[in-house]
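Following this message is one structure expressed as structure tokens.
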Amino acid sequence: MRYFGKKSMIAAALMATTSMAQAADVEVLHWWTSGGEAAALNVLKEDLSGQGIGWNDMPVAGGGGESAMTVLRARVTAGDPPTAVQMLGFDILDWAEEGALADLNAVAAEEGWDAVVPAALQAFAKHDGKWISAPVNVHSTNWVWANKAILDELGIAQPGSWDEFVAALDAVKASGKTALAHGGQAWQDATIFDGIVLSVGGVDFYRKAFIDLDSEALGSDQMVEVFNRMATLRGYVDDNFSGRDWNLASAMVINGEAAFQIMGDWAKGEFLNAGKTPGEDFLCFRVPGSAGAVSFNSDQFAMFGVSDKDAMSAQGAMAASIMSPSFQSAFNVVKGSVPARTDVPNDDFDACGKQGMAELAAAAEADTLVGSIAHGHANRASVKNAIYDVVTAHFNGEYDAETAAEELVTAVEIAQ
Amino acid sequence: MGFLDINNVTKSYGNVEVLHRVDIAVEEGEFLVLVGPSGCGKSTLLNMIAGLEDITSGEIGINGRVVNGVHPSNRNIAMVFQSYALYPNMTVGQNITFGLEMHGVPKPERDKAMTDVAKLLQIEQLLDRKPGQLSGGQRQRVAMGRALVRDPDVFLFDEPLSNLDAKLRVDMRTEIKKLHEKLKTTIVYVTHDQIEAMTLSTRIAVMYQGYVQQLGTPKEIYDTPANLFVATFMGSPAMNIMPARVAVVEGRPHAVVQTSEGGEAQLPFSQDNMAAWDGKEILLGIRPEAITDPDGADRKSNNIVALQNRIVVTEPAGSDTFVTTTLGGKDVISRLRADVSVEPGQLFDFAVNMEKAVAFDPQTEARIEG
Amino acid sequence: MSASAQNQAVQTGRITRTFIYVFLLVASLFYLLPFFIMLVNSLKPLSEITGGNMMALPQTWTIEAWGAAWSTAQVGVEPTGLRPYFWNSIKMVVPAVVISTVLGALNGYVLTKWRFRYDTILFGLMLFSCFIPFQIVLIPMARILGMLGISGTTTGLILVHVVYGIGFSTLYFRNYYAAFPTELVRAAQIDGAGFFQIFRRIMLPSSGPIIVVCVIWQFTNIWNDFLFGASFASGSGAPMTVALNNLVQSSTGVKEYNVHFAGAILAALPTLLVYIVAGRFFVRGLMAGSVKG
Amino acid sequence: MAQASDVDFKTKLQHWIPKVVLSPSLFLVLLFVYGFILFTVYLSFTDSRILPSYGWVGFENYSKLWRLSHWTTSLTNLGIYAFLYITICTGLGLGLAIFLDQKIRGEGILRPIYLYPMALSFIVTGTAWKWFLDPGIGLEHTMHLWGWESFKFDWIKNRDYAIYTVVIAAVWQTSGFVMAMFLAGLRGIDSEIMKAAQIDGASNWNLYRRIVIPLLRPAFLSAFVILSHLAIKSYDLVIALTGGGPGRATELPATFMYSYTFTRNQMGIGASSAVIMLMTIAAIMIPYLYAELKEKK
């Protein structure tokens, strides 16, 4: 009896190992666990199961993928990485440098990805000339969401410049409502920061300071102005903003407690979910002063190196499915983002979605498409978080604008 | 060579030797008591016999077999612990038969043995109870039952009576003695109570600081203690010890002791060889019952000496009256018959039985052989 | 002594007693408040939460959120609710608690009743292991699980929990057994019982209180663990906390707070149950040993 | 006498079994605790970023670490937090235990109420606490609704006070457990000692201050160990309640370590902060363990 027990335990362990390596399965690590997102992902799952490929779901939510990245490290260290991992920006390149990612060039060539994916996205999906991940969507962060009813009531037109925006905020504040709905979390502060940097210095300044990490630009007067504008916005936020979840801030706009929110396009889901219609109930427009530029972040599925032939073909099939126009459309309609390839028909998208797609294509064309600082598409995680530290400290009143600019230079230097 | 042979046994913990070269041979059917104050090594020795502690050097043999390194359960011994060590989760019956069960004795035999023992100890009605429901005396019986049922070569008792109240202790003492006389088994019994040692044993080993100070029958220990420690440890009240000088008067050695009135009393020794100590200081030991009133003195003694001394305190104890007086500058207790009327401050004529007096070398504290 | 035994000696006046009762009641409000918030909001429709006062009682009472959390909420791509993960947790917790408790009991038994040279140092080493921050073990542990071929399996997860449970279970049992009369062990040795027989027949039957303490402690810690569960379990084998986290922590989706709270209470039910059922024995068990340090 | 028999098999076996029984646990602990600690120490001297790497950089990580202002913030926070948490938990736990020990009616209901928070993980209760402490929707809001307009409780939003809200939630979670430990200690005190003290004329106050509390020393020590290890390991709590904010005002070494190791891809710095944490724990625990274990001997 005892002997049997031991033997069966070993057998169970063996079975577990074999099942992991089983040919036509993909194991997918992601943090899209909420209703809409998961439903969107289910489209992909169904698509693959139609091709006879099993889906081994491995969701780990938390901290915008932070928990998932921790888990990923454990899995890679254990020598048992998932087939595909939802990933953002520089994380993909970091893993590529560790030599952990697969080579998707065959699929990419077959499907002609090079032609349809904007170059700015390719920068994160390719490493050393090899495709390593399949971009799912493009989010952009320099959006403002506004409650149309409040604007109409107060006679405010959609602001086109920074001064108009400040005037509009003043008007709302005077009416007793909260002007700007915001949640005081580091990444939300930084999301606003994305738009403000673009509005102050445009794409060139943005690139110089946050992509090239030029210390002169980081400490420049323009940067002081960026922090001044952040401080201005801070004046329109209610007292109770700290620690608030972004979707509660969205709810304030939806419920008419607040007029504006600066947030990425995922916020649209909250509006739609509350039964609101773009253009009628709420407005979407670029952060005033940043029009023409798009700061983006892109969810991608980075493909990890698998040795088994069957697993490789399953992985290839998954990559192809992700990039198929039908999935790109279906997924992004639900998610609020825009497709990662520019040739997807916009029929199914709403007004904001259509606007986003058009602006993305235009920005890609005009080379004004820049990676989001807040969402890890401008620099590596260490730098991103160092910037978070300064931005959030300033926004919470720890530094004045000049000190913040100085601190930014030091923080970025240490993090490099 | 005896039935239980303790041969040159020592015990050390690290560098500290706690038991020094112990040699005891116990004959079959003997009742050996190890007695001494706490920390003297008596329990350590018992545990080594039981096999619960390693032997550092030397040998222990039981029934002709060296048992060094033999597991306790294979030494054919049984032990009664101070706390009784009854298994709290088992009934009395299970407690008694646990050892047999562990030795693979079949159930019918176990039950029979249990019934016999329970009858012997009159605990039949307790067999289904848990130890927690028993009184102290009952637990004690169960603990003995557990030992008896094994029918061992040697019984080991580790202060078995010290957790009982005074009355019960005396009863159980008698009971153990009866049991020994009935069963004639070999017993090693550890206690710090010298009365238990005197009443129960056939032989006593008095231990102190890791040494066996004296090994002998109760009478030997009592009458001719090997040294000052044994003399004062055994007996209650303790033996009186007083400084004295030896003087040969009329060819006979005397002990010269200072009396309470400042004078000197000359007490003739029964031991002639004390003459060799002429003029030297010794310590004189006289038990309380050897200093008494003239009518109470031992009539068989050939050496009763009268001594006048002043009474300091009287303590009537019912059967006797204890009287404190001063000799050689020390308080000395004497034991008078109860009906002698004495007053503190009174000058009293004592009768000293010098046949029972012993002398000690003040340097070595050993008894001067007579 | 039983846990309900009261100190008969202390006399208190009427005013003092009133004060004591008031204090105790206020304290219990403090302890109950978060649970109250969770419970109340789990019984509201979502619109009422995002719209109104979160501390108020529901205007419309509904248990929809509970049903959703248990069986239909989206925890990954599948709308399975927490149900399947509940069983994953059970499959992990039960063996892990049993093994770590048994090991702790054996260790405590050895360290108190079979003393040998340097045993206190060994115990110190084990005890100090309680204090290791779990974040630092993640990477090397993953490597070792990978080498053993049990990465991503429940077996691996059980191993991890056993390893980091040994310190406390050994501490509990050692302190308890230290007060257990050594004479009983000696008596049993003379009776001929071997190492395991003594353990099984003498020690274990008397270890009830401390087993309760140890089981409560281990059960709570292992059931509530998130870090190891997320890192070392495969997706469909993940424990309840990982699923709950997926339910609660979605970053860019709609937050259904009522479902979150219902799920949170569901996830906590087993531990709550353990505390309420075994709570009486808990104080008794602590009394019997572990507070003796 | 018969020939000297060798050490018999059973004794030999009994000599080895205890060590054999202990060895798996010891092996596991040595490998999975001490092996990993050594590994972490090693990592702290390397240039590891996303995964362990073995390029030796000496003390560079340590010097970087001490230049980071929020590392010092997190250490200061730990000091404030650990001190208040341990003191308040001990005080509250002791108070509740003493009061509960006064033949209280309904003790059987109250005790699990105080104890249950320990059963819940902060993934579960963090949100509830966050709401309760939030001035916009929680306690302050409710007080305003009840007509107490001037009531103000916005600590969680205030950089200087947020750490105290972490203390409140932490106290809520563990003080019941501490209460149980003290209650067990109180129940273990010989009631004759209490009677004797009362006959000596001690007031209730003096009875507890001079007699009972000193007798609870073992419970105090156990509570101290458990609380200090919980304080140093506090992670879930901060993440769930404040996420380290406002700003970085409630960062603790544990959150710092996690974020550098896993989210900022600066594993070397994370490891060096872990080493400093371990050294702190050792500095507190080793004297305690030494005293405890020596006394036992």
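So that you can tell them apart, the chains are marked A, B, C and D in the order they are listed, and the count of residues begins at 1 in each.
Heads up, the rule we're going with is that a residue touches a chain if its C-beta (ideal position, glycine included) is under 8 Å from a C-beta of that chain, and two chains touch if they have at least 3 such contacts.
On a predicted model such as this, the values are computed, not experimentally measured, just so you know.
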Exercise. If you take the chains that touch subunit B and keep only those that also touch subunit C, what is left?
Worked result: D
For this session: Report back the single chain whose CA centre is most distant from the CA centre of subunit C.
Result: B
Seminar exercise, completed: If you tally C-beta contacts across A-D and across C-D, the winner is C-D
Seminar exercise, completed: dist(centroid_CA(subunit A), centroid_CA(subunit B)) in Å evaluates to 90
For this session: Mind checking the centre-to-centre distance between subunit A and subunit D? Centres are C-alpha means, answer in whole Å.
Result: 36
For this session: Could you tell me the distance, in whole angstrom, between the mean C-alpha positions of subunit C and subunit D?
Result: 15
For this session: Between subunit B and subunit D, tell me the centre distance in angstrom, where each centre is the average of that chain's C-alpha atoms.
Result: 56
Seminar exercise, completed: Expected list for subunit C, residues touching two or more other chains, is 138-141, 245, 248
Exercise. On subunit D, where are the residues touching two or more other chains?
Worked result: 10, 14, 51-52, 262
Seminar exercise, completed: Residue numbers in subunit B touching two or more further chains are 51, 71, 73-74
Problem set entry | Pairwise touch network: line, ring, star, complete, or other | other
For this session: Would you mind giving me the full set of chain pairs in touch?
Result: A-C, A-D, B-C, B-D, C-D
For this session: Flag every residue of subunit D that touches subunit C in the complex, lowest number first.
Result: 10, 13-14, 17-19, 21-22, 24-26, 28-37, 39-40, 51-52, 92, 95-96, 99-104, 108, 110-121, 123-125, 127-129, 131-132, 137-139, 141-142, 145, 172, 176, 180-181, 183-189, 191, 194-195, 197-198, 204, 207, 218-219, 221-222, 229, 232-233, 235-236, 254, 257-258, 261-262, 267, 270-271, 274, 277-278, 281-282, 285-286, 289-290, 292-294, 296-297
Exercise. Subunit A touches which residues of subunit D in the complex?
Worked result: 49-52, 64, 67-68, 70, 130, 134-136, 154, 156-157, 159, 162, 239, 242-249, 259, 262-266
For this session: Would you mind writing out the residues of subunit C in touch with subunit D in their complex?
Result: 1, 3, 5-12, 16-17, 20-21, 23-24, 27-28, 30-35, 37-38, 53-55, 103, 106-107, 110-111, 114, 116, 120, 122-141, 144, 162-164, 166-167, 170, 178, 194-196, 220, 224-226, 241, 244-245, 248, 257, 260-261, 264-265, 267-268, 271-272, 274-276, 279-280, 282-284, 286-287, 290-293
Exercise. Where on subunit D is subunit B touching in the complex?
Worked result: 1-8, 10-11, 14
Exercise. Which residues of subunit B touch subunit D in the complex?
Worked result: 1, 5, 51, 59, 61, 64-71, 73-74
